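Here chain A shows up in two complexes: once beside chain B, once beside chain C.
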Partner chain A sequence: MSSTLKQVYINKTVIDATRERISYVFDEFENIIVSVSGGKDSTVLAHIVLQEAHRRGRKVGIFFLDEEVVYDSTIKQVEYLMEMYPENTTKLWLQVEFNLTNATSLTENYLKCWEKGKHKIWMRSKKAFAIQQKPWDEAKETIRNKDVGLDFYAVLDNFENSRENTAFLVGLRATESPNRWRAVSKNPGYKNVFWCTGKKHGNCAFYPLYDWNFHDIWKYIYDSQLRYSKIYDYMYKKGMGIQEIRVSSLIHEKSFKALVELPEFEPDTYNKLLKRVKGVSVGNLYGKDSKMLKVSKLPKNFRTWIEYRDFLLATYPDDEKREIFAKRFSNHLENRYVARQQCRQLVLNDIENNLPIDNKPDPRELTLQKWRELL
Partner chain B sequence: MIRIGLDAQEKQAEIDQYLPKHDINKIFAFYPDQFPLTINAGVEVEHIRYADIIEYKFFYRLLEVIDNRTLLVFNECLRTQNRSDLTYNCAHHYCNQTPHKAVFEYLPFIEQNADFMILLDFLNKGKYKGKSFDYQFLSDEDVKVKSIDFNLILIDYPATAVDTKKYEAKKDQLFKNIGNADPDTIPRQLHVWVGNLKKKLIHSPHMCARYVARNDRFKMPNVATYKGIVPGDYIVIDFPHRRIDFNDFLKITSIKNIRFINSGLKVDLYYIDELNRWIERLGEFYAKASIYQ
Partner chain C sequence: MEGTTIIIETKKGDIALPLLEVQIVDINRVQANNYNPNAVADNNMALLEESILSNGFCFAVVTIYDKDIDKYIIVDGFHRYSIFKDYLEAKQLPIIVLNHDVTQRMAATVQFNRARGVHQVELMGDLVQALVQQGVEDADISQRLGMEEEEVYRLKQITGIAELFKNQIYSKSWGMVEVNEND
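For the complex of A and B:
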C-alpha cells in the first residue's frame, strides 16, 4: 500500500472534520441525497447531515433502497431517520421490483423483491409514500450483468443517473476493508476532494465518514443519544465479533449467515421469510456450518476440493448457469486452494462473481515441501 | 515507561517511585489471567483482565474516566504478535487519554524484535504507527531492559535404531495421510510422537525431576502440562507449538537453564534449532538495548 494511504492523526476530531466536509458539500451542491441502510454508519451520517440541513433551513433527500427481505429493525430504523427532521427531509424510499441473489437455494437463484402479483406474500406492504415505480426512463435503463438483470447495484446506478448535479452522501468508512480504503482515498472525485467519487451527469458520491473508526461511530451514537437497530444489541449479547456485527440484507452471498440467528432475533421476520423465499431454512440450519454454506471444511464424501468441485459442477441444477461457472473456472489454475473457492461460488450460487477467486498456486504444497526437507 | 525483565516486587518499586513524582489520582492495571499483578498504592487502583479490555462495559466507562491524572499499567499484556489486534486497538484509546503509562514485560518480544513495537504503541500509538522496529526508539522513550540469559541444555537420550526406523515410518504415514489437514500439524504430531519415546527415561529411577509435556498423555504425577506448571524447575519432554506458551512457561517458572530431552531425531533437532535461534535473537536484543537505553 502506498504511503499516501496511511492514516495521519491531526489535531481535530472526526466529528468536527465531518461537519466541515458536510458544510462544504452544502456550499457546493443544491441537491443532496443521503443513502441510508438502517445500519450504524448511515444513522450517524444522516443525523449530522440533517443537523446541517436544519441549521441552513434546507431539505435533503433520505434515500433507502428497500430490498424487502431485511430485518424489521432495519425498517424501524429507516422510519426513525426519516422522521428525525421531517421539515428538512425529502423521503426517497424506493420499493421497486429487482433481483436479489439468493445464496440459500439451488433452484431459486434469485428473489424478485416486490414482485408484481405476489403482494400477498411480500414481507410487508409497501409504504404509501414510497416510490413504487421506477423513477427513471426504462428505455435508458442499464444493467451491470446480463445474466442477472436488474440487480441491487443496477438499481442504484439507474437511480443516480436519473438525477443531475446531485451530491450522494454515503456512510462508507475506509477501515471497513482495503477496497473501501482505496475507494475513499485514492483519487479526487470532485475538485480536490479525495473522499469522493465522480459520477455521470454532474453527480458525485461523497464519503464524509471515511476516516471514522468503528468506535467513533458508537461513541457518536451514544453521545448523541441516537436510536440504532436492535439487531446490534442482539448480536452483541450473542457474543458475535465486531466483524460479524453488521446489519444487511438476509439472503445474498455475503449476508446469508444472518439467517442462523434470525429466528432468535426476529421470529416474525423469519416466519414471513420462510413463506417468501426458497432455501431460507437451509440458510438457517447450515449458514455457519463449515461443511455446508461456509465451505471451509471438505465434506467427508470427497477426498479433495477438486473432486468436490467437479461433483458440484456436474450436479448443478441449471444447465445455463453451469456453463457460466464452467467457463469461468476454465481460466483458473487447477489446485485445491483454487478449487475450494470455486466450491464456495457453486454452493452459494455466486453467478455474479461477487466472491472473487484468488487464482494462485496452492500455498499448502510449499509448506508440505518445506516439512519434507526438514523432518 | 517500559520495563523489561522485572519481577513483581521490582514492578511495585517502579510504581512507588513514579507516583510521588506525578499527580496521579487513580490507576488502572491491565493483566492477563496467567499474570495477575496486585498493585499497592495510596490511590484508587482497579485491576482489569486483559480479556475485558475490549468489552463495551469497560471500554466506554474507561473512556469516560481516564484523564491526565490516570496511570495505566500494562502487565505482561504482549499476548499476540498482531500489532493491529482489537485488544491493542482498544487499549490505545485508553492510552491516548493520559500521558502516564507503565508497561511491564518479562521478555521484550514474543518471537522477534518487531513485537517490541507493540509495547511502544502503548506509549504513543500516533508516533509509532506504521513504523518498523529501530533500536533508536529505545533511547527516545523511558525504557529499561534487564536482560535474562537463557541456556538450552540438552539431555541426550538418543533414539535406538528401531525407534529411528519407526520414526521414519510414522513420518511417512503422517505425510501420506495429511489429506486436507494443515501441513504444520505434521511436525507438531511428530514431536509429540517422539516425546513418547522419552517415557522410559522418565521412568528411570535416576530421574526424579519434574517434567513438562505438551499434553497430559503420560498421566504421571511428575509430568505437568504447560497449562499446569507452577514456579520451579522442569525438564522439557516436548515443546508447545506456540512460542507464547513457551514464553509463559519461562515467565512462570523463572527457568534460565532450559533442559530438554533430545532424542537426536530430526524433529527434535528442528525444535532445538528454533529455540536456539530465539535465544540468539533475544541475546542480540539485550546487547543492543544496553547501548541505546
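For the complex of A and C:
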C-alpha cells in the first residue's frame, strides 16, 4: 500500500495559522530556542515567538551563530532582535572558533572565525554577554566532514546536542528552499506534526513559517513596523531583484558575490575584511566576472574545460587538498559539462563539496547526437 | 619630472606636479595603448560626455611620448580622448607627458583606473533626495547623473523595501495530508 503527502489549503491566513503553530509548541515544550540569522525570515519568526512568550510570561532563547565575517547590518539586526522583549529573552549569541570556507583565496582555504590570538584583527570584539566557550564537551564533539573539521553545520549539531527536550524554531520556508523543505517534511518529526524534524535527546526542529510566501514576510515586517537589515534596502536601491537578496557570511562560495557591492554598502566592514581575510579584493574585483569566480566562460588560453580543469588541478597550491579534489573527480564522468563544474569547485576552493557536481553526460553531446541521427 | 620646477613638499618627499605642464596637441598625434584593460559601459560614456560638456575638460589626458612613431601614447584618459575625438570631433586635445618606461606606464594605467572610490548607496540616496528637494525633475536627474530612471526611482525611496508590500494580503495557509494513492 502506498500513500503520498498532498498539499491542502486551509481556510486561514498564514499569520493566523503560524500563531497557532507557535502556541502549540509552547504548550508542548518548556524549552524553546529560535535560531536567527539577521535575515528577514528569522526576524519575523523571532517577533511572533517573542510575542507569544510575552503573552505567556515565558522566556525563549534567541540563538545566533556568529560567523564573524558578516555585514555590520546583520549584527545590528540581531542586537535589535535580542532587545525586543528583554524580559522574555535568553540571549544565546555564540562566538566560538570554527572553520569557514573561504571561496576567494587559493592559499587561505579556511578562515577560522574568532581564531585565538588574532583578536587584534577580528572584525569586531566579542560581546561581553556572548557564549565565548564551546558549551559542549569537546571530547564528544562531532564533525560532519573530516577534511573540514568543525564547520558551521557541525557547530549547530553540537550546540543542539548540548541541549535536551528543546524545540528549535527555524524560519525555513517551502517556497524559498523547496528541496530542503521536501527533505525535512517527509515524515512527522514530533507526534503527528509534519513541519518538524526529530533530533537527538528529545530535541525537535520546527518550521512554523513553512507556508509563508515572500510577500507575506515583508507585509508582516511592514505591518508590525519591525526593523530589518539595511542590506535589503541597499541591494534594492542597487537594482537587485529583491528575491535574490541574502544576508549570509561574506566569504562563502554561495555568497562571495556580495563582496562586489560591499564597499558601496558598508565601507568600514569592507576595510576590516581586507585586513582579516586573504582574497577579499579578488572577490571584490572579480566576484561577478564570468571568467574568474563565476566560471561560466572558458578563459581564452584554454581550448576545453577538461584542459582548464587539468591546469587548475596541476597548479593547485596545496598538495593535500589537491588530493581531495583528484580523488573526488576520479569518480566523475569525463566530459566538458562535468569538467566545467569541476573547474568551479577548484576556483572556489570547494573542498567541502558544497557545490555538488551534476555528474551526467554532456547535454550538448546528446543534442548533437540527435541531430546527427536526423541528418 | 623633466622641466617641472614647482613641487609640493610632503612627509614622503617632494611630489612632482605634471598637471602644471599641460600641452594642447593635434588630436591625431595621440593614440591608445595596447594593454588598457579598462572598459567603460555606454551609459557611462554618455555620462562622461555630459560631464565634459557641463564642466569642461578638467583632467588632461596622461601620455608618454614614443619617439619611434612620433606619437603620444595614452597612459590614462582613453575614454576622455574618445569622447573628444569621436563624439565631439575635436581637433586638439590637452595632454601631459610623463617620462615612464613601459613597466611604469602599465602600472600607472592600472593605478589611475583602480585607485578610485565607489559611491555608498545610502549617501547616493541622500544626494538624489537633495536634488529632488532642489526641484530637479527625475528625468533631469537621470540625465545629469547618468542613471536610468528606474535607479533614480529606487534611490528616491526612503521608506525601504517593506513599504512596497503594505497593500498585499496574507496568503492562505496550507497543510500536508496523507492520501492513499488509489484514491
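Note that the second predicted complex is superposed on the first by the 357 of 375 C-alpha atoms of A that agree within 3 Å, B and C clash if a C-alpha of one lies under 4 Å from a C-alpha of the other, contacts with A are read in each partner's own complex, and residues count from 1 in each chain.
Basically, a residue touches a chain if its C-beta (ideal position, glycine included) is under 8 Å from a C-beta of that chain, and two chains touch if they have at least 3 such contacts.
As the structure is a computational prediction, the values presented were derived from the model and not from experiment.
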| item | value |
| --- | --- |
| Touched partner set for A:Ala326, first chain B, second chain C, both or neither | neither |
| Contacts of A:Tyr222 with chain B and chain C, given as first, second, both or neither | both |
| Comparison of chain B and chain C by chain A residues contacted | C |
| First, second, both or neither for A:Asp211, with chain B first and chain C second | second |
| First, second, both or neither for A:Arg372, with chain B first and chain C second | first |
| First, second, both or neither for A:Thr304, with chain B first and chain C second | first |
| Touching partner for A:Tyr236 - first (chain B), second (chain C), both, neither | both |
| Which of chain B and chain C A:Arg364 touches, first, second, both or neither | first |
| Touched partner set for A:Thr13, first chain B, second chain C, both or neither | second |
| Touching both chain C and chain B, counted on chain A across the two superposed complexes | 6-7, 9, 215, 218-219, 222, 236, 242 |
| Contact set on chain A toward chain C in their complex | 1-18, 185, 194, 211-213, 215-216, 218-219, 221-223, 226, 228, 230, 232-234, 236-239, 242, 263-265, 267 |
| Chain A to chain B touching residues, read off their complex | 6-7, 9, 215, 218-219, 222, 236, 242, 297-298, 303-305, 336, 364, 367-368, 371-372, 374-375 |
| For the chain C and chain A complex, residues of the former touching the latter | 118-122, 124-125, 150-151, 154-155, 157, 160-166, 168-181 |
| Contact footprint of chain A on chain B as seen in their complex | 56, 59-60, 63, 86, 90, 93, 126, 129-130, 171, 175, 178-180, 183-184, 186-187, 190, 266-267, 270 |
